[in-house]
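What follows is a pair of complexes built around subunit A, which joins subunit B in one and subunit C in the other.
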Partner chain A sequence: MRALNACRFILKSILSERATGLFIVLAVIFLTLSLSLSDINIAVKYKLLEDALLASQSFIMTLSAVFYAFLMMEKERKGGIFVFIFVGGCNRGEYLLSQFMALFTLISLILAAFLAVDAIFLSVFAEGINEGFLSRLTLSALASSLLGFLTLTLSRFVSNTNSVIYAIFLFFIGSGADELMLYASEENSIAAKALSQTVYYLLPNFSFFDPLAITVAFSKEFFALLYFGLYGSLLFFAAHFKFKKEVLRVG
Partner chain B sequence: MILLGHNGAGKSTLINYLLGFYPSSASHPYLAELSKDAPSVELSSVGYAPEAALLDGGLSAADYFELLAKNKKISVYSVDTELSKVGLKIDKNQKIKKYSKGMKQRLLLALSLFGDPKTVILDEPTSGLDPFGKEEIEGYLLGLKDERKFIVSTHSLEFAYKFESEIWILKQGMVVYKGRPDSFEELQKIFLENRPEQTA
Partner chain C sequence: MAKALGIHAVGFILLFFLFLPSPCKQKNESSFIYSNPLISKAALGSLSPLAADFAWLESTKIGEMGKGGTLAVNTSEFKNAFLTIASLDPSFYHAINYGVSFLSTIPKDKDSAYDILDRALSLHPNDFRFEYLKLIIEVTSEQPNKEILKTLAMSIFAHPEFNGVFGTMKVDDFLLDILAFAGDEHAKKEQLKKELTWLHKNTSDKSKKALIETKLKELN
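On to the complex of A and B.
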């Protein structure tokens, strides 16, 4: 319960930032650009409209996840947001959980806003929103949330800025994990196979959230959700392990 | 209790230790000694006012009271009443970034007293205030001093003496004086005797 209260407090603090408004403006600009740069008739004819929406919105969600995770850590380390949360009775685990929940809520809010816009837009210019589109955008939101969790966890071990750099680096590696695995399986190098398997199984594998990636045979959505839950929990426990030994200070 | 000492003497370290911001006494070189002297504090019944810079300018007084009320399980309260206790007559939903420094200090005091905590910890409550604001806050605190247990860190010897509480003087992570001097001059003398060693 206290984690929920803290989550709400963090959300209020984040949403009061001007940057949140800037993201909305950015989303509108991307949407407008992706539509104005393409011929709407051709886009409708070749079903490119969905791809343009998916690409731009996935990009914004990815950017938002890293940005909000960074902002949360800045508010903790430079703004001391934890002080009143702790004095209010929260313990370290509850506070950390509230950060993860706040990040997931923010990405979910962005996803909901995008889905609402897309539903209207695709109803006007295409045949409406379909299950495939819904699934791809949701998977992208899950990948973005996991990236945000990764940034939050890494920031417990390194500085806030470095956590962003490492998280983006791991995101790119993780997004190509399936292709690396495929490439290594065609090579006769043991080292290449070992490396690809390490990347595929140990590092956060973002290719599981890509509908076009070569992953598992059974339900991709279910697997991605399961992976998100398991890897997200793993990141939370890693962050908690480090956080419980951390000195809380501001500045 | 009043904590006095030069900058870096360990006043804030001791306060942060009491609040549980240090996971153990091994987390800071000063804590090996300070933790032996540290008073026991019931964390579930503590009110705390940190420095004013820690208030989020994008939030309002109502947001802070809501957080504390929910965590302390206080269901019936009025933000306006709580604010009026420290002489603040403002819109509770006004963003803190529009507050003056004195208003922020008053809000911090109101937050630290909210829920009737057994112990109130104040870290330099008059820091950065002009003489008028300082006098106002100190006067308010002096009026409250008998109501509950206070732990206040300050640089003001005058205020420390007027507070009529036990005074601790810290020097480079050690408690070098505990007691209640008979006069303000005596306090000044003890304090100046414990000037930190100059380092190059």
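On to the complex of A and C.
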């Protein structure tokens, strides 16, 4: 319960930033641009509109995950937000959990808003929202949340700015993990094969959240959810391990 | 921060050189997207289906721009364009269908069509439609390979999503005919031998018997 209250407090604090307004403007611009493509027929009706919506909304979710994770850490290290939370009776573990929960709730809220807007626009301009579209956008939200978790965890080990840089780098590498593996197998290079396998199995593999990636052994959606749960927990415990020994300072 | 940026710059440079397309390959293509589609897909991430849509819009012009009609279209350029689309969005069946149908019928380049289908199948292995396209290309080719036909027909039949219909066409009988056509040559020979032996026994006409005997000798 204390973690939930702390989560609500963090969420209010980050959403009150001016950047939230800018994200909404960006989403409206992307939506308008996507709708301007709705009349172009590319063999499959409304494919271009759906792909444009998915690409732009995934991009916004990715951007907001990194930005808000960074903002949370800035508020902690420069604004001392943890003081208010610890006064409320939370311990370090609950505070960390509330940060992860706030980020996940935020991405879920963005996803819900996008789904509501898409349902309206796709019903008016196309044939409504389909299962594939729903699944792709949800998987993208999970990938964005994991990226946010990764930024939060890395910031426990390095500075806030560096954690953003490392997280973005890992996100790019992890998103292309399956393609790297396929490319390496086609190239027949031992170095490329070894590198691609290391990337695939050791680094956070964001390609599991790509519905167009090479299929895993069982249900793609279920596997992505499972991977998100497991890797998210791993990141939380790694962050907790470091955070419990950290000397808290403001400024 | 400078240290982190430095590490990443070195990382990206290493990756770039490891997966760098050959200078010759790069020179032949108009952009990095076409010269190395898999790396492009990896870099584009969730933007890749949108990039595939634009690649498709651009690629359909290749046929229109060919000087001297459709036959003069640059096959290699066409293949690379559709290989890129198959890599960026392997679920874009209509574009892939157009590309492989063009390649297998106009320039009669079955191998290029197979390259595109194999790429689509490697990235989207559960789509039996690509296997069906491959089967159609093999059947309509000048020298169909019976072994490939049999494997493909069996695989399509065994696919859990195949219910005897392809698009709006009922194709299960067609697949059975393909299987019969591509069936085991040895078993077919044995069956024919049995039938000819039965005919030989039950025929009284001497000239027909002689003809059957000759055929049986040929079969043995």
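Here is the rule we use: the second predicted complex is superposed on the first by the 233 of 251 C-alpha atoms of A that agree within 3 Å, B and C clash if a C-alpha of one lies under 4 Å from a C-alpha of the other, contacts with A are read in each partner's own complex, and residues count from 1 in each chain.
Simple rule for what comes next: a contact is a pair of C-beta atoms (placed from the backbone, for glycine too) under 8 Å apart; a residue touches a chain by one contact, two chains touch by 3 or more.
Values in this document were obtained by computation on a predicted structure and should not be read as measured data.
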Fill in: subunit B versus subunit C, judged by how many residues of subunit A each one touches
C
Worksheet item: Does subunit B (first) or subunit C (second) touch A:K12, or do both, or does neither?
Response: first
Discussion item. Just to be sure I read the superposition right, which of the two partners does A:K75 touch: subunit B = first, subunit C = second, or both, or neither?
Written reply: first
Discussion item. So in the superposed three-chain picture, is A:R2 touching just subunit B, just subunit C, both, or none of them (first/second/both/neither)?
Written reply: first
Discussion item. Tell me the contact category for A:F86 with respect to subunit B and subunit C: first, second, both or neither.
Written reply: first
Discussion item. Looking at A:L248 after the superposition, I want to know if it touches subunit B, subunit C, both of them or none. Which is it: first, second, both, neither?
Written reply: first
Fill in: subunit C - residues contacting subunit A, complex
1, 3-5, 8, 11, 15, 18-19, 38-39, 41-43, 45-50, 52-53, 56-57, 87, 89-92, 94-95, 98, 122-126
Fill in: Residue ranges of subunit A touching subunit C (in the complex, touch as defined)
40, 42-44, 47-48, 51-52, 54-55, 58-59, 62, 140, 158-159, 161-162, 165-166, 169, 172-173, 175-177, 179-180, 182-183, 186-187, 189, 191-192, 195, 206, 210, 212-215
Worksheet entry | subunit B contact footprint on subunit A (complex, rising order) | 1-2, 5-6, 8-9, 12-13, 16-17, 75, 79-81, 83-90, 244-250
Worksheet item: In their shared complex, at which residues does subunit B touch subunit A?
Response: 16, 19-23, 27-28, 43-44, 46-48, 50, 53-54, 56, 58-59, 63-64, 66-68, 70-72, 95, 111
